[in-house]
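Presented sequentially are two complexes of chain A, the first with chain B as partner and the second with chain C.
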Partner chain A sequence: MGSVFRPAANFWASLTLLMMALAVAAFSLSVWLWPHSDDARRVNWAPAQPVPFSHQHHVSGLGIDCRYCHASVEVSSNAGMPPTYACMSCHSQIWTNAALLEPVRNSLKDDRPLVWRRVTDVPDYVYFDHSIHIAKGVGCSSCHGDVASMALTYKAKSLTMQFCLDCHRDPGPRLRPKDKIYDTSWTRDATTPAPELLLAAYGVPQRNLTDCSICHR
Partner chain B sequence: MTLLGTGSAIEASADHRKPRASDPIVFPAQTISSMTSTICAPPLQRNWPLWWKLSLAGALLFVLILAVAIGWLFYAGIGIWGISWPVVWGFAIINYVWWIAIASGGTFISALFYLAEVEWRGALNRIAETITIFAAACAAIYPILHLGRPWLFYWLFPYPNVMGVWPQFRSPLLWDFAAILTYVISSILFWHFGLVPDLATMRDKADAPRTRRFYGALALGFRGSENAWRYYSIGYGLLAAVMAPLVISVHSIVGLDFAGAATLGWHSTQFPPFFVFGALLSGFAMVMLVAVPVRRLLGLEDFITGRHFDILGKLLLTSSLCLSYAYLMEAFTTFYGPDAAAKRLFIDKVAGELAPIYWTTILFNVLAPQAMWRRSVRLNETLVVLISLLVIVGMWCERYVIVVMSLRRTHLPSAWGDYTPTVWDWMTLFGTIGLFIAGLLVAIRLLPTVSMFEMREVILRHARRHR
Partner chain C sequence: MIRALAILSLCALSACSDMSEQPKQRSYSPLVGPAPTPTGVVTFLYREPTPPPLTLALVERGQQRFRIFCTPCHSELGNGQGMIVQRGFPEPPSYMSARLLKAPTRHFVDVIAQGHGAMYSYAARVPPADRWAIAAYIRALQKSQNASAEDLAAARAEAAP
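Moving on to the complex of A and B:
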């Protein structure tokens, strides 16, 4: 009885096994690495907005404070999006006929809010509260990046659970003095008080910051 | 004549189809070549009889039901099951423990008894291992379904994820994932490795080129050279040595899944051995339940003899006695200990609303196997099948008692609740039974049901002894 397979079958059998092993390895590696990538987390992503609003122009150029538009950031879980009236407090006087601002004028006319697309989002099972972070010395830029330099608003941080936990496990070095909270270009330097001093001054409880129920209810 | 009408040495053996006490391990009329052709004949037969087609069709119907139940579960979520607070573990865990315990018999017979060098295992280990594979596959489905978000099952695996957290290494549930994964993978390897020389025989026996290529590819180029056999037996011994402790560790860890929780009736140090005993009982019962009809249907009476019935019956009885001891200790430690809630729970078990389930467990797992003390019962095919079936059902009831009873009566009477399985629970249970049967039917259709290379050794040894 002759052989069932020709000698070349050995090569193809080994090659198949090797390819299967490689496929498993490549799949595992991609499942592992892909969620870590900026593409998976949409870092640098700037979605199209109804109006191409520039934080760079309004904040750096004109010096408008974050809280002028995001008014509830100090007192509420939600930072708050400005009503059309906030835009119109200036734009009823200047650039009143600009084509770019057409959607804003329509919004006022029809009494329908502008539908901005959310850039910075966390899953619904994360109970993020802006006010407590502001009250305890976490600046806007820690999560939103240097918004004051953004011509179009883009997502600056990965916002993975790892990102949240990096700070919750060691908050001290990320805290800043009260007057720097809304300074989105701030970085820690020699004049910044020591992390321990800031932790003590803000009274940040380090015992339970990584409890599941701190973020997940 | 077998049902398949293969026409071989079997025909001469009509007189010893009934198992007898005087049976040898293999009948001396069988030579190596008659054994090989008897065992190779069924898988190489082109047309299989009606019983096989009908059983497969029936089993596949249940597989379809399983697919529907799982599909709806994925779409609608585990709210379709009967579980709720406080009975948060229901059919999924009961069935999981039941199936993984059934899987134990194969590993025990083929790995532990291989290391112990017992002769009788040669005729049974293939059937037993096949049971292990499909029972473990049925078991492995349940914890995944039970997760609630099954598509995230890989979160159980410790890998550097973007969440910045690791699984809880102190939890038996994580050990369970590792133990089951190891068990399933090594069982499959052990099964295939044990099949390689037989697949090579099938390749050489087959006529049709396609059949030869099928078995040839599965045989991985095994040619039976002296060198190949030397490495083969080393490899087989190593795998057996890995598998034998695994069967103990897997069921111990399943026991720890319960014992690790501070729940009434679970938080007990005897749970790991208790679960190993239960696993062995249902494992041996399933081997009997499958081996008895397969022996008749495929004409294996010369290889699975009265001697095997006798041994399996004794093993069933022994494991039943071990399990009875665990039941007794459960009662003893409850009343020896100080916990009033534990005593109340135990009384609820034996005299409460669900007491019939508890007493069914005792009747089927403790009392029914006692009939095996009599040799005439051990050799009676009908009774053996009946007792094995009772044990399999009894073991399911035992898991129902363990899982549901403890959860519905917690320490706080204000948190007491109830559990009623839904139609989806039952569909999943019967669906996995269909999957198991379908798997076995396909396996006996395609593969040699008895390990031929091991039978050759047995036959040679017997021939030498009788010369």
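Moving on to the complex of A and C:
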């Protein structure tokens, strides 16, 4: 009786096994690694906004403080978006004919808020609070990047759970002096007080910052 | 085969995270529904804010708030030559003008709350306590630029124990 399989079958069998192994590897990569990649997290992504608002112009160029527009960032969980009225406190008098600003003027006239598209967003099951981070010496750029030099606002950090935990495990080296919190181009240099000094000055941490219940409650 | 399919579909399901969409009311989410008004609610009573006592902390708070909200137009010196004015905004009067030197402190508080001519109201972003702090700082600015050597000597003598 002749053999059931020809010699070439060995080759095909191994190839099939190899392919299956590759498929499993590719599948796990796409399921477990892809969602954490910068592309999937939309890092460096700037959504189309109703008005091409430029932080570079307003913050670096004109020297306006973050809190002029994001007024509640020190006292509330939300940083707060500027109401149309805040834009119009200047644009009622300057650039009054610019077509770019048409939506802003219409918004004030029709009493309908501008709908900005979210750039940074954490899922709804994550509890986040701006005020405590500002009070404890975490600057805007630690989570939002160098906003003051962005022509269009883009998401600069991945904001995964890993990202938050990296700092919560050891906040010291990332804290900064009070007067540098709104300076988005700040980096640690020789004049910065040592991490231990900053931790002591801000009284951080008084609890275990990696407890699940800190961020999921 | 069926077992393999079941395992595969379980794997596929594990990638779904509906958890990240939770229909709860947050500051910028679309209105889910009008919140019910609790019973026994009274209308908001406006009380005239009383001037807080003048302390160093108040003036420092005022300086910080002034630099956030007022310097774009009034400049750090209060002379009305801020960055936005240099870009074409109508020029505000200098705080050193005779009229504003004589104006009561309350006037500054009212201008912040109600606006004045081309200047919009800052009531939404500057709460009442901060308005008094800013007004106190403007007073300090006015003093600093009209101070004489004798004033300084007097202040030094006062500060020395």
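Here is the rule we use: the second predicted complex is superposed on the first by the 208 of 217 C-alpha atoms of A that agree within 3 Å, B and C clash if a C-alpha of one lies under 4 Å from a C-alpha of the other, contacts with A are read in each partner's own complex, and residues count from 1 in each chain.
To be clear about the criterion, a contact is a pair of C-beta atoms (placed from the backbone, for glycine too) under 8 Å apart; a residue touches a chain by one contact, two chains touch by 3 or more.
Everything quoted here is computed from the prediction, not taken from an experiment.
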Superposed model, chain A: greater residue contact from chain B or chain C: C
First, second, both or neither for A:V31, with chain B first and chain C second: both
First (chain B), second (chain C), both or neither touched by A:C167: neither
Chain B versus chain C as contact partner of A:V4, first or second or both or neither: first
Chain B versus chain C as contact partner of A:A201, first or second or both or neither: neither
Touched partner set for A:V43, first chain B, second chain C, both or neither: neither
First, second, both or neither for A:S89, with chain B first and chain C second: second
Overlapping contact positions on chain A, where the chain C interface meets the chain B interface: 31, 35
Residues of chain A defined as touching chain B within the complex: 1, 4-5, 10, 13, 31-32, 35-36, 41, 158, 160-166
Residue ranges of chain C in contact with chain A within the complex: 11, 14-15, 17, 19-22, 24, 26-28, 67-69, 71-72, 83-84, 87-90, 118-120, 122, 124-125
Residues of chain B defined as touching chain A within the complex: 154, 159-165, 203-204, 209, 212-213, 216-217, 220-221
Contacting residues of chain A [partner chain C, same complex]: 27, 31, 35, 62-65, 67-68, 71, 78, 80-81, 83, 85-86, 88-90, 92-94, 118, 123-125
